[in-house]
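Here the structure is laid out as structure tokens; the discussion comes afterwards.
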Amino acid sequence: MDPRHYVAWRAAQELESGDIVNLGIGIPILVADYIPKDRQVFLQSENGILGVGPTPPTESQDPDLINASKLPISEQIGASYFDSSLSFAMMRGGHIHKTVIGTLQISQSGDIANWAVPGKDVLGVGGAMDLIVGARTVIVVSTHLTSDGKPKILPACTFPLTAKGEADVLITEYAVFRFIDNQMVLEELVDDLTLDQLKQITPAHYEISDHFRMVNRTEYLTNKQSMG
Amino acid sequence: MPARFMTAREAVALVPSGSTVMVGGFGLSGQPLSLLEALLETEVRDLTVISNNVGQQGKGLGKLLLDNRIKKAIGTYFTSNPDVSRYKREGKLEVELLPQGTFSEAIRLGGSGIPAFYTPTAAGTLLAEGKETRIFDGKEYVLERSLRADVALIKAYKADRYGNLVYYKTARNFNPLMAMAADLTIVEVDEVVEVGELDPEAIVTPHVFVDVVVQKEASS
Amino acid sequence: MDPRHYVAWRAAQELESGDIVNLGIGIPILVADYIPKDRQVFLQSENGILGVGPTPPTESQDPDLINASKLPISEQIGASYFDSSLSFAMMRGGHIHKTVIGTLQISQSGDIANWAVPGKDVLGVGGAMDLIVGARTVIVVSTHLTSDGKPKILPACTFPLTAKGEADVLITEYAVFRFIDNQMVLEELVDDLTLDQLKQITPAHYEISDHFRMVNRTEYLTNKQSMG
Amino acid sequence: MPARFMTAREAVALVPSGSTVMVGGFGLSGQPLSLLEALLETEVRDLTVISNNVGQQGKGLGKLLLDNRIKKAIGTYFTSNPDVSRYKREGKLEVELLPQGTFSEAIRLGGSGIPAFYTPTAAGTLLAEGKETRIFDGKEYVLERSLRADVALIKAYKADRYGNLVYYKTARNFNPLMAMAADLTIVEVDEVVEVGELDPEAIVTPHVFVDVVVQKEASS
């Protein structure tokens, strides 16, 4: 099981019919493929399109029809194009319902650090800060640990912040947390892991939700097979 | 969320008394006249209206004024409706005047999450009195707050079934800006078309900004 | 001779081919009819059109195709429509070459007062302030005196200002002044009046230009006849 | 003034060394590649470039960087061109980073005569360090200065003979904004059409904003 694809699938379940959604770079862009077919979700990309459609076949790709990850996309019926200032007006103005974004670190109070690493050149921020500050609901998707096994879910971020206290949901390959009144609350855990095991890889403080549930990933696999 | 489709009566039932309402239009051109007629049929009162004018005498917003529904008007040019002057003198209407460029930018930025901006317009005049000013590069600018509303009542030419909008000639004016700047945007249109019938390159207001579409009745 | 029409005609001579011009309410709107036919001038109206054409015949007038004076207009070939924020972005951003505007008072340092009268309700400013602050060249057109014979061209305005020191040209039915380094300079006088007579009706201080000339209004009348 | 029509070579001869140049495009999409090629043929240097990216490695603006023509880059995302990082480390390039929403609004407002504005974006982060902040209605905002340039090099799809512009899909991006914000706007287009062929309701950039039009050569 590819944890990135599981995370993307799980994030897609958070999207509801009618939602206007912006998908960030990385895992988030995978979310598009997992949106349940019975939900009508409108994807906005900050380079200037509302109504992003699926990746087209190679022969009909157009270098001037791309998403913010610079990947080829198609145009859905009812789509519209606009300049970058209107695109970000949509975000900061609160007109985008949900954004799904990746992160390097996230804190127990919902701080997000996803654009810079201490000691390295700070050379790219793109739309990340505007998206996180602007979108009504911020869904953070991430592998639970870094590729060399270090924790990313921390009491406080040690990397430069992208925004303070803006995370609403955190989805990893093991767990789903929600941020309620700046408190991190565990809502869902995959049954491959015990609560104790989760605690060991999660230095951040979190409460356990009244609605806490254990899940297994069969649902995702079933879904994946049916899509394959 | 794609727009919901309603009758004018259903739509204006969403406007609460005491709310701040943006109303599109330059004079009567681009005013959502059917929505305003329907609003007059409700019991709504104590409105703060953000609109370039208060309609014309006895027309459009001018009717709501005469029916004592408006407690405050924020706009740029009320001179063309003599009732505004009379209501103001009689203490029945509070008026706040802004230069038209400040007014339109304040609405666009209000819809864009920008709370305040500096403009050269009105520096050193009566309209800057009581407002902060600041020098940038040797020139004086006035700090202006952006504008937002609870509801925007706007007029467009065509909507598709999602709520994407295009406008008609100079009736466009403040309408696309107000669509962005309210918690609830209700649009009156002449024509509803199927999704896909509007050119994606020519859509002026993408449907993210539109909550409710009302098709103007053929009779009005 | 209607002094308003003479002023409008004279102002029209200030417009050059390629100019983007906004005409204010009152005398300025008359300027459109006097633009020399061999000059291609583009009229912008702040309610959202570039490419204002002549007043159409009654039967083809459209209540949704109007200028800022709320008068019916036509659309020239190559015209475009836009919202009010872009319209004023054009002005404040310095993209409008010339504006022709009326005034109640004007001072010798180029202050303009054209929107409010002391003791009366201040109920309308419209686009006047933005236009005057934004347009690269501000051409003020006015009758030389008020309708009850009071001077309008003053050492300092007594009415509330629209903008400070922004006038570039002042055109009345008797004279043309330019404002150079905040100094008012007389450039042209109609030959119905002597310099002394002008002085008597013009309390403002002004210099006389090196290029000063006397004109007679025959040119206007000729032009008018050829148009009629 | 209707736009002047020139070759790419004639147009870029108007760009002086040491000037500030806005360049449209999101990555290579919507970059005026023919103009940039022609610029590389000139002796122009010491440019301050305002562009979302510095092209991609060895492409578009990336070529000008490798030829040492750029002394400073103002943009939002340079990570995709590794040469930027190298030039910065070697002290050959100054870099100023802005959030993309701030960047795009700063350009639009720069073209609109608004010198500064407050935005919520970047408040409390590294990118707000050294910048003024202010609380409006209990929330922190950063004061940002608007951006202007001496020259804008942009890309559109079609121009008519006056210089009215329409764009193509997501190649629109920053181009209409930059058209507004420079003293001299030079646009590269795929196609030139007669006046009247573009729908007046669908023109995105009215010709007031356009000084020079260059038709892309069929070969490039």
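Read from first to last, the chains carry the letters A, B, C and D; within each, the first residue is number 1.
One rule holds in what follows: a residue touches a chain if its C-beta (ideal position, glycine included) is under 8 Å from a C-beta of that chain, and two chains touch if they have at least 3 such contacts.
Since this is a predicted model, take the numbers as computed values, not measurements.
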| item | value |
| --- | --- |
| Identity of the chain that, by mean CA position, is farthest from chain D | C |
| Rounded Å distance, chain A centre to chain C centre (Cα mean) | 57 |
| Distance between the centres, which are taken as Cα means, of chain D and chain A, whole angstrom | 30 |
| Whole-Å gap between the CA centroids of chain C and chain D | 35 |
| Two or more partner chains touched - positions in chain A | 75, 81-82, 85, 88-89, 91-92, 133-134 |
| Where chain D touches two or more other chains, by residue | 105, 108, 112-114, 119-120, 167-169, 201 |
| Set of all touching chain pairs, with the criterion as stated earlier | A-B, A-D, B-C, B-D, C-D |
| Chain A residues within the chain D interface of the complex | 45-49, 62-68, 70, 75, 81-85, 87-89, 91-92, 116, 121-130, 133-134, 160-164 |
| Residues of chain B that touch chain D when the two form their complex | 105, 109, 112-120, 136-137, 139, 141, 145, 166-169, 199, 201-202, 204 |
| Contacting residues of chain B [partner chain A, same complex] | 1-2, 108, 110-114, 160-162, 164, 180-181, 195-196, 198, 200-201, 203, 206-209 |
| Residues on chain A engaged by chain B in the complex (per definition of touch) | 18-20, 40, 42, 44, 50-51, 75, 77-82, 85-86, 88-97, 133-134 |
| Footprint of chain A on chain D - complex, ascending | 26-30, 52, 76-80, 84-85, 88-89, 95, 97-105, 107-108, 119-127, 167-177, 204 |
